[in-house]
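What follows is chain A paired twice: with chain B in the first complex and chain C in the second.
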Partner chain A sequence: MVPLALVYHSDLEKNRVGEPVFIGFLRRRRTLLLFIAPTVGVLLAIVIFPLFFSLALSFFDWNVIQAEPWSWVGLGNYSTILFQDPYFRTSLTVTVLYLLGTVPLQLVLGLIVALILNRIGQKIINSLRTILVIPAMMTPLIVGIIWRLMYNPDMGMLNYFLSLLHLHPIIWTGMPATALPSVMIADIWEWTPFIALILLAGLQAIPVEPLEGARVDGASGWQTLRFVVLPLLSPVILVAVLIRLMDSFKTFDLIFVLTQGGPGMRTEILNYYTYRNGFKFFHMGYASALSWLLVIILNVISMILGRTLRSRGLYAAGR
Partner chain B sequence: MASISTREIRTTLFVIVTVIVFVFILFPPFVLLLTSIKREVDALSFPPKWIFRPTGSNYVEIFQTSPFLRYLLNSLIVASTNTLASVGLGSLAAYGFARFKFKGSDNLAFWILSTRMMPPVASIIPVYIIMKTLRILDTPWCLVIIYLTINLPFAVWMMKGFFEDIPREIEESALLDACSEFKVFRKIALPLAAPGLAATAILSFIFSWNEFLFALILTGTRAVTVPVGIIGYMKESGILWGYMTAGGTLALIPVIILTIFSQRHLVKGLTFGALK
Partner chain C sequence: MLRTDHNTLALNDFIPAVVSEQGMWQDRIFGLPFIQAVFGLYYRTDIFKKYNVKVPQTWDELKDTAKLLNQKEPGVYGITFMGRRGVQLQCTYDNMLWSFGGSWFDSKFNPTINSKAAVDALDYFKSLIPFAPPGVLTYDWDENANAYAQGTAAMTIQWQNAAPTFENPAKSKIVGKFAFTFVPGQPQSDGSVYRTPTFGGWSFQIPKDSKNKEAAWEFIVWVTSQKVDPVLALAQPGSRFSGLLDPKEQAKHVEYKGMLESLPIAKGRPRLGAYSELADALEVALSDAMTGAKASKQALDDANTKFAFILKKWKYLK
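What follows is the complex of A and B.
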């Protein structure tokens, strides 16, 4: 009897007489190659090749405008970035502020919304679910345009509301103090509902027994949340945070429309600083080196995400 | 009785908070729509006008005085061609990963996922140089190709989950009838995964439709897509708010319709299959 596993023809074949082992392996695996190789090939060509191309570029000094040939600078770009470039440090600070100002807030607000919706009842949730996901699915550039409209100092809704409260109008995206918070608010608007949606899905997957148990033991609402719900929800929270963290590093469209990185460098996160070095100043080598720092950071986060997904608890629960 | 009334108060409170949350979510897009049907005088007035004579002139003018139709067509061509390619290649690979376990298959699958995480900014300079060398800058092709970096890993991961949900017994009987693996994939697995395939295609389409950075760098005049076209309405002399909001509203309509169609699979899609 064949157990409950697929037996493929290819697995049953043996090497033919006189056939090299490797060729025999390829022939037996040809089905597998047929399925997987095209995708792997395409990704090698359009993701990995450009990445190594940019790694190579990062060791050169190459300014397109000056029309000079590339000159080899070794690790020069990297040492300039890390030890000499004050703009890089500013940009790093802005990036950290941006991450700290968006992801944790989105998580807390999203959790509150999810907990409330979870109490309200299935029927209402089902009709609201679509609305929760709409900001995240909207074209990010248009999200930026919407908020630029809202922030407009002369005719925007936000200053209108301020005037209703007899407060002074604010030049939201134009003043150093409010520019970064303005971008953050747009980001929070865009992603909090989505976090709430994920956490809501997680909450609804929590089995009833531990909750019942906590109630029987006389746990208060807060205690149940703290000691039963949050631990059970933690894998979902971790995935949400990691995905958001990666996306936040890559924020571009919002900043492009709202502030272009300004005023000064108040909203210029690393991603945007890299873009400006490449396509505004045309320091291609320098921008490549900067982008590789981003690649390294994102790789670390994506490895952690991969490990989390792989750990049995979540990956199995997801299916 | 007292406990019931506190519960009622609490429920009412929850409902009020929920209403506030959804007003907060829906208000900004509503402002976009509202501005798009205002004449310029009304749009620029302060305080904002709530009562005005609505006009469709912005919607007519972006087609007449700017190539908005071409932006729409470009976006449509790029997004649908890319979706076909992503879903085609992606479901093949996904089936491979779902059905053939081999040494390192998990690592390879996670490598594919990790390619999606790479920042576009990191590859944009080489990609620009490569596309220029291939002489396909400012054509839909360069976007069709480069959006595979976003949608191919996505399609693999989505479809992998859907194929894994199909019970193996169905395919085993076909294999015993001496169908080739590819035939089993095409005739049995793919039709069974059709709903998942549709959701994957819809989401891929939306991701292509929404993309901005690659389109900004790789197109100039002929292959301009909707987001880049809309940015063109920010002129040095001032922002054409009427055009921008009308274009924005038109660009959002397909996204919202498609989102409603695929909402059952959205959480899965946006968390790379980690959550359902």
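What follows is the complex of A and C.
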């Protein structure tokens, strides 16, 4: 084990005779490498290896509970999913609806909260920050369980309040029309504060001069918001939207606890459908193919979004 | 197995239907049954007595009784059941499907889940919804047991292992006021009633590559033996006649008598590798039909198509 001091010894700075540059590079940074090796090892084992394993698996047909080994199907899994599986299309539709229902609303509500918070003093913000972060820090499963109790048609809080207002109780997670909105509400509750905090940080970083300039020019509050604040905020908005989009696509806990994909297939989002195929029906190859399709779709969406948002706002100004 | 002490093994003491379902495959014994669960009908003895109602024996009688008792007591519905999309809904439906004469598929694995019997059974199931609490379609095992324990319904169709919840004074308002008997059935032309309670359970099996097969077998024989079975039965019911008939057990668990009656005629779900997928397709169809999103026939037709697809994929069907 080379003591830290020796790393800087001039002798070690030079490449040894015949030694490739890269190996010399590594040799000089032995200690550094030793420190980061455990983390890299863990990342390789937990992230990189499964990534490629599942990619390989998606080209085979493998059922865990049958004794047969993997059998090659090439793009067979992908073509079945895209062209023959009606459940995949339903699932994709549900996922798109889910994304359209949660992300924009979270963004708007988060923005409103952030704008309000921006006007309050710093001390209050600091104490509110802890409260705001709580929903996002909670285990998603717990969030699901709490909402399941609240949505309970006989004993839940929501129907209780409805009864106080003499309104008819709603079977939140049981009726086809209200099931998906119920899940969306729980999701919005969970993540809006998080978006608000991200946007608040962005708002506080906006320089004061453009705002003062707008005021001098006689812009109304709304005009300032639309033409000065939002464009300046656009990188932060992009980050927030991308984070939420990617996470929303992978929602699982809420569906699992609240509706199990039901009624019918009204809330069976893609991630849940993949789980079913992989861990209930044990079609591992098929489930891997589904997962990779999810990755591809997400990547495409992120690219489109990134490009759209970058063409406006701050980036368009050339900064 | 030849070296096992037959007195300890006491194969005859196991309920035959249970052994054949849980422990045997193609006429060979592979393992021994352990914990069992079977569907039955729970009914409120106090309400039945008050309105002088007989215990329903057939499905039609069940519906009439539910209709009669619905809202007779304030806040008490006729019947409750597990209506949420999931395995419980499917198990409840199976009780009806099989007694109506339907089945998931025939002996050649052609799916028959959209037969007339199946559609009739589903229409019957749907007809119970008006007599059940409004949230019934979100009820899974816990919610249904809870609803019944809180006294919101006069009857429920559920697994017998909900009875301890109903007997627990901390959770239940109906301690001592209910009884457990078999599920209703379909009347047959010879006057008998054909019942097919759904049944499920756990058993011990030894995997092929086990390294300690002898030791495993000894353990299995011991843990399911006549000595240990009743001890374990204090927590979960076993599969031996002696365990279920024991008067101490019967006193403690009011549902054992009903269980003893139901187990010999109980029917298990298909034991195929494809079961999970088939069950899921059926559950989606049931959920669609029960919530009114699709007509019964339409939902079951879709399920049937999916069954054919699944059975072909698993190579049961050519």
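Keep in mind that, in the parts below, the second predicted complex is superposed on the first by the 256 of 319 C-alpha atoms of A that agree within 3 Å, B and C clash if a C-alpha of one lies under 4 Å from a C-alpha of the other, contacts with A are read in each partner's own complex, and residues count from 1 in each chain.
Everything that follows uses one rule, which is that a residue touches a chain if its C-beta (ideal position, glycine included) is under 8 Å from a C-beta of that chain, and two chains touch if they have at least 3 such contacts.
Note that the structure is a prediction, hence the values are computed from the model and not measured.
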Chain B versus chain C as contact partner of A:P263, first or second or both or neither: second
First, second, both or neither for A:E209, with chain B first and chain C second: neither
Touch count on chain A, higher of chain B and chain C: B
A:L197 touches, of chain B and chain C: first, second, both or neither? first
First, second, both or neither for A:Q66, with chain B first and chain C second: second
Which superposed partner A:D154 touches (first chain B, second chain C, both, neither): both
Contacts of A:F281 with chain B and chain C, given as first, second, both or neither: second
Set intersection of chain A contacts, chain C complex versus chain B complex: 154
For the chain A and chain B complex, residues of the former touching the latter: 2, 4-10, 29, 31-32, 34-36, 38-40, 42-43, 46-51, 53-54, 57, 113, 116-117, 119-120, 124, 128-142, 145-150, 154-155, 157, 159-160, 163, 189, 193-194, 197-198, 201-202, 205, 236, 239-240, 243, 246, 249-250, 252-253, 256-257, 271, 274-275, 278-279, 284, 287-288, 291-292, 294-295, 298-299, 301-303, 305-306, 309-310, 314-315, 318-319
Complex interface listing, chain C residues touching chain A: 83-86, 133-138, 143, 147, 152, 273-274, 276-277, 280, 283-284, 287-288, 290-294
Chain B residues within the chain A interface of the complex: 11, 14-15, 17-18, 21-22, 24-29, 31-32, 35, 43-48, 89-90, 92-93, 95-97, 99-100, 102, 106, 108, 110, 112-115, 117-127, 129-130, 145-146, 148-149, 152-153, 156, 161, 164-165, 168-169, 171-172, 175, 180-182, 185, 206, 209-210, 212-213, 217, 226-227, 230-231, 239, 241, 244-245, 248, 251-252, 255-256, 259-260, 263, 266-268, 270-276
Contact footprint of chain C on chain A as seen in their complex: 63, 65-66, 151-154, 169, 171-176, 259-266, 276, 280-282
